[in-house]
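Heads up, the next two complexes both have chain A, just with different partners, chain B and then chain C.
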Partner chain A sequence: MEAILQKDRLGQWVAQLSTRARVFAPAFVDDVWGYGPVETGAEVPLDHGNTTRPPKNFVFPQREVLYRFRVQDRHAPQITPTVPEPEPAVVFGVRPCDGRAMVRNDKVFTCGVVDPYYQARRDKVVFVGLACSAPPSPNCFCQSVGGSPHSEDGLDVLMTELEGRYHVKTLTARGLELLDAARSLFDDAGAADAGEVERAHAAARAYPQRTLASQEQVVDGLKRNFDSPKWAELARACIGCGACTYLCPSCHCFDINDEITGTSPLAGERVRTWDNCQFPDFTMHSSGHNPRDDTGSRLRQRVAHKLLYFVENHGIQQCTGCGRCITHCPVGIDIVRVTHEVAEV
Partner chain B sequence: MNANVYLPQLARIAHIKDEVGGARAIKTFRVEFLDGGGFEHECGQCAMISVFGKGESMISIASAPSIKDYKQFSIMRVGRVTAAIHDMQVGDVIGVRGPYGNRFPVADWKGRNLTFIGGGCGLAPIWPVIQTAVANRGDFGNITVFYGGRTSRDILYRAELEKLRGMADVHLSVDSPEEGWEGYCGFVPANIMDKPQSPENAIAITCGPPIMIKYVIGNLSAMGFADEQIYTTIENKMKCGVGKCGRCNVGKDYVCVKGPVYSWAELKGLPQEY
Partner chain C sequence: MVAIEDIRARARTLLESGEVRAVLGYQRGSAGTLAEPAFLTEPQQAASLVWDPTCIHNLALYLVNEKKRQRTQRSNDKRPLAVVAKGCDSRALVVLLQENHIDRSEVVILGVSCEGGGVIDPRKLTRALAGRAATTVAMDGADAIRVGTASGETTLPASELLADRCLECARAYPELYDTLYGDKAEGRSYSPRFAALNTVAEKPLDERRAYWNAHFERCIRCYACRAVCPMCYCDECVVDSTEFVVTPNTSADEKANRIRWIQRSPDASESAMYHLVRAMHLAGRCIDCAECERVCPVNIPVRLLNNVLEREALEAFEYVPGTDPGLPSLISSFRDGDPNDFVR
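Here is the complex of A and B:
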């Protein structure tokens, strides 16, 4: 369903939604642009570039307790699962690249064996997307990886900014519920609105973006040049900080460790935390043997996972072209450039 | 099967056997599930072992699938979790989740000659296959087992290996000459060259330190074994066991799901990141 929301009614819509869910929007939290709860009555800041932190946290938090354990008696440890029961959440301002990343995350966490922690969170979150009217970052390349500034994949609602108003399109039943919750705030979308949306989308597509060679070219090129010496050359400056993968909307690797909360009796939590293929420890065996023991092989892992292995496993690229890993790499390692140089495309 | 894939079942350590001493000691743990729990497994599969407060480790299930009352794990002391389980006693309770990974295609090997080549802790993953083969002795041709330890004190399942004689040709080795040692002296790959195996209607299964596997495979190829006739297992660091955490990713494969058992033909198609 498509409708029109006057900009000055956005606050009312959010207030309406706040009665049934926690509402989040882009916010400057802990000195970084990410997402934060919207206070009732406050402005909903939708006129920003994309967030630095992707919305991945809503479904796959950086730290998640899998269960608690307590060992009062060595012969009978007690385990209490902590599958979350989150409050319903509505997230505003999600950019299309990050929406598309959710589709990738769903494939990892819910295809085959279902991850109950991810699923519990995913079931309770609704993503209200915001079409980009201009590339939000100089490193965007969404259009070369199958996306667009107004892609609908993975979103429940897509908002497009027009003069003085938003065009609001619901994409799923859960998205429709958000509209139904406040029908009276919305006007019907007419033919003129449709034309304006079309023009806004076309204008956004026409903005110059960085480009990555086609999926087929990249797959072929990476296969052909898998053992290229250029990986090592291009990765030489990598300091293994992990910014590239922590800020990636579709990186999903995690570690599992025990954190002790009490010693008599022994009590603690089994915790999963984001992990990072750019860390040397990631693959290092206890014996010291390390299958990916140099920055070149680790860069290859990151790039090939996004643009080759994921395609082989799921038929789509995992990278959605948000450009965060390029923007935030302290030494300027650039996935587009690396791919082009190695794959010779 | 537990719906929450990360929750272990509780299992009691029923028996502990010291196999190998020293800094990298190996002990075999027999565990019995509590509360009627447990799961079936197949040859080559692994399980995630939990010591609460320390963490988890992926360990091969070393008992034969036909054994339903308990599962056995042979664990080398190398770090936090493995040290903690080494320090446990009979009666202590650990967590076990699984089974994970693929299996050796034992059913496809009926009628064929089987040559097992193991080194160090690498006898554990192939032990269920050896047990299954000798328990169904008539289903297979010749069964040959090569196994080597650094010294005679480093030989895993020593007594069980001796018992295999009669059902299988057993060739044990130690790395360097030792007083009283009657078997072969030298590395495992050299031992198999000393007793060449015919590739005719044969399957070779090898497991052990990466360097041993490398030379064993080279030697098997030199004997005429085709890549499809050679099987091994690979050990990548693992956290989830269910293809989500990304730790064990090699090429397009998550080893915890697609592996750890590979034919050499399959393994050649993966990047050498194991």
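Here is the complex of A and C:
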């Protein structure tokens, strides 16, 4: 359903939702955009570019305890499951690229085998998207990877900013519940509003963005150039940090370790943490052999996973064009340029 | 004035004669306003070199990285690398020479003076432009920076845009070089040394604890601060064990008992441990290029941790790192006059 919310009523809506869920919104803290809890009565300005840290943490936190264990007197270990039971959460201000990334994360964690940890968190979080009126970053390229500034994929609600008000469109049953929780705050959307939304969306699409060649061209080009010397050349400045993938809304690789909390009796936690294909130990074999032992092959892994392997496995590109990996790379490595140069498109 | 044409001409000559393997400098990138590191191997590429206040990267890092690369690729090319070096970058080279990590014959230094200016802090630029993207950034004299955007050009005071370390830098010229570009501008700084550190160090202990806890809580452990540091050249770092080999004979106990100094879990305590280990390893070695702080995607003021130890070295041992390749390094030297009241 579609409705209109006057801007000065946003605070009331948030306050209403706060009674039933934790509410998060983009917050600018220490010069970094991230998501923070909205204090009761606080403003939700929704004028952010895009957050530095993507909203994937809500469903796939950097650290997840899989279970606790305890070993006593040579008995079999006692295992205590720790599937999370999070409070319901509503996240405001999610950009459409990050909504689309959530669809990719769902594919990885819930298609076929369902990851109970991911699913438990996913079930409890509702994403309220905010359509972009202009590209929030000079490195945006959502329209080249099948998205748009007002894409609805992966979101429960999409808000579009109009003059003095928001157009609010519910996309799922859970989204509709958010509106139903405070129906009196919303006005009906009329035909004039629909026209204005269409104009706003068209204007947003018309903003120039960076462009990436078509999915077919990229898939074909990356396949043909798997052994290209360009990978090493373009990765020569790479310092081997993990900023690109840790800030990516759809990177999902993880590592599993045991963290010991006590030795007598032996007790600890089996923990899942994010892992990073740009790190030297990511593909380290126990034999000591490392099949990706230089920055070139690691860059290839990152780019090809986004734009080739994911297409082969799931039929869609994993990258949603948010541009974070470009903007935050300490040395300016640019997935668009790298793809074009390697794939020769 | 630094004439970029002179640097390009020198790079071209070096590449034409084949006396260097490559020239490391700066070129325009496609990712945004900042210049990006350039690896030039052909003389005609020299024309792409640029010099402006967005040439932030400390290219000394690549001498270290290229050395590793050559080792893994078993390259026999013994020719030196030419590197464009600002004052701070040249001091990093001095430390690498002092520590015998590189030999003077391995590097040709194209020293560039900041001439009393410096490089910008990209976050300050973003703030000053209220989020608009800059297309060009150039010094306008020593006190102003001209910034071009899609909607025109503005000139801002240098003190508002320069990186903190540049504001505090009194030696914004190369310490060591083969050729020098620009004039040595002596004894000039906008802020007193350790000005940024003092704003935090003067807080009471519990406030400081809360300050750092909040920052470490935010750390995502991407290790960009470590990866960008020319002094972090250990083959293996405590945070990622690439040398721990498991064979069919490795027992479960051995695997379980491997010491993990720092867990992968990014909580405030583990991240504090990581940051303190990193800072301690730079005591008497950090030359304050502040790349660690610039590259942090979540804006943790890691430079200040290095500054604490830098100040210790200065106050206790009158030691300033990176001034003279002939001097022994702080950690490997002892003078009769050194304070020793902690030895009991």
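By definition in this document, the second predicted complex is superposed on the first by the 342 of 345 C-alpha atoms of A that agree within 3 Å, B and C clash if a C-alpha of one lies under 4 Å from a C-alpha of the other, contacts with A are read in each partner's own complex, and residues count from 1 in each chain.
In this text, a residue touches a chain if its C-beta (ideal position, glycine included) is under 8 Å from a C-beta of that chain, and two chains touch if they have at least 3 such contacts.
Treat the numbers as computed from the prediction; the structure is a model and nothing was measured.
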Record, for the superposition on chain A, whether partners chain B and chain C clash or fit.
clash
First (chain B), second (chain C), both or neither touched by A:Val271
second
Looking at A:Gly240, would you say it contacts chain B, chain C, both, or neither? Reply first, second, both or neither.
second
Of the two partner chains, chain B (first) and chain C (second), which one does A:Lys124 touch, if any: first, second, both, or neither?
neither
If you stack the two complexes on chain A, which partner ends up touching A:Val71: first (chain B), second (chain C), both, or neither?
first
Once the shared chain is lined up, is A:Met284 touching chain B (first), chain C (second), both, or neither of them?
both
Is A:Asp258 contacted by the first partner chain B, the second partner chain C, both or neither?
both
After superposing on chain A, check 74-82, 110-118 or 236-244 and name the one in chain B that bumps into chain C.
74-82
Please identify the positions on chain A that touch both chain B and chain C, taking each partner from its own complex.
255, 257-258, 284, 286-287
Which of the residues in chain C end up touching chain A in this complex?
29-32, 34, 36-37, 39, 57, 61-62, 65, 69, 72, 123, 127, 131, 133, 214-215, 218, 220-224, 226-228, 240-243, 245-247, 250, 256, 260, 263-267, 291, 294-295, 297-299
In the complex formed with chain C, which residues of chain A make contact?
30-32, 34, 49, 52-53, 62-63, 138-139, 233, 236-237, 239-243, 246-247, 255, 257-259, 271, 273, 276, 279-281, 284, 286-288, 290, 293-294, 326-334, 336-337
Over in the complex, which chain A residues touch chain B? Could you list them?
66-67, 69, 71, 74-77, 79, 81, 83, 108-109, 112-117, 226, 252-258, 260, 266, 268, 270, 272, 275, 277, 282-287, 289, 291-292, 297, 301, 304-305, 308-309, 312-313
Which bits of chain B are touching chain A when the two form their complex?
3-8, 10, 12, 50, 52-56, 78-79, 82, 91-93, 95, 210, 235-237, 239-240, 242-247, 249-252, 271-274
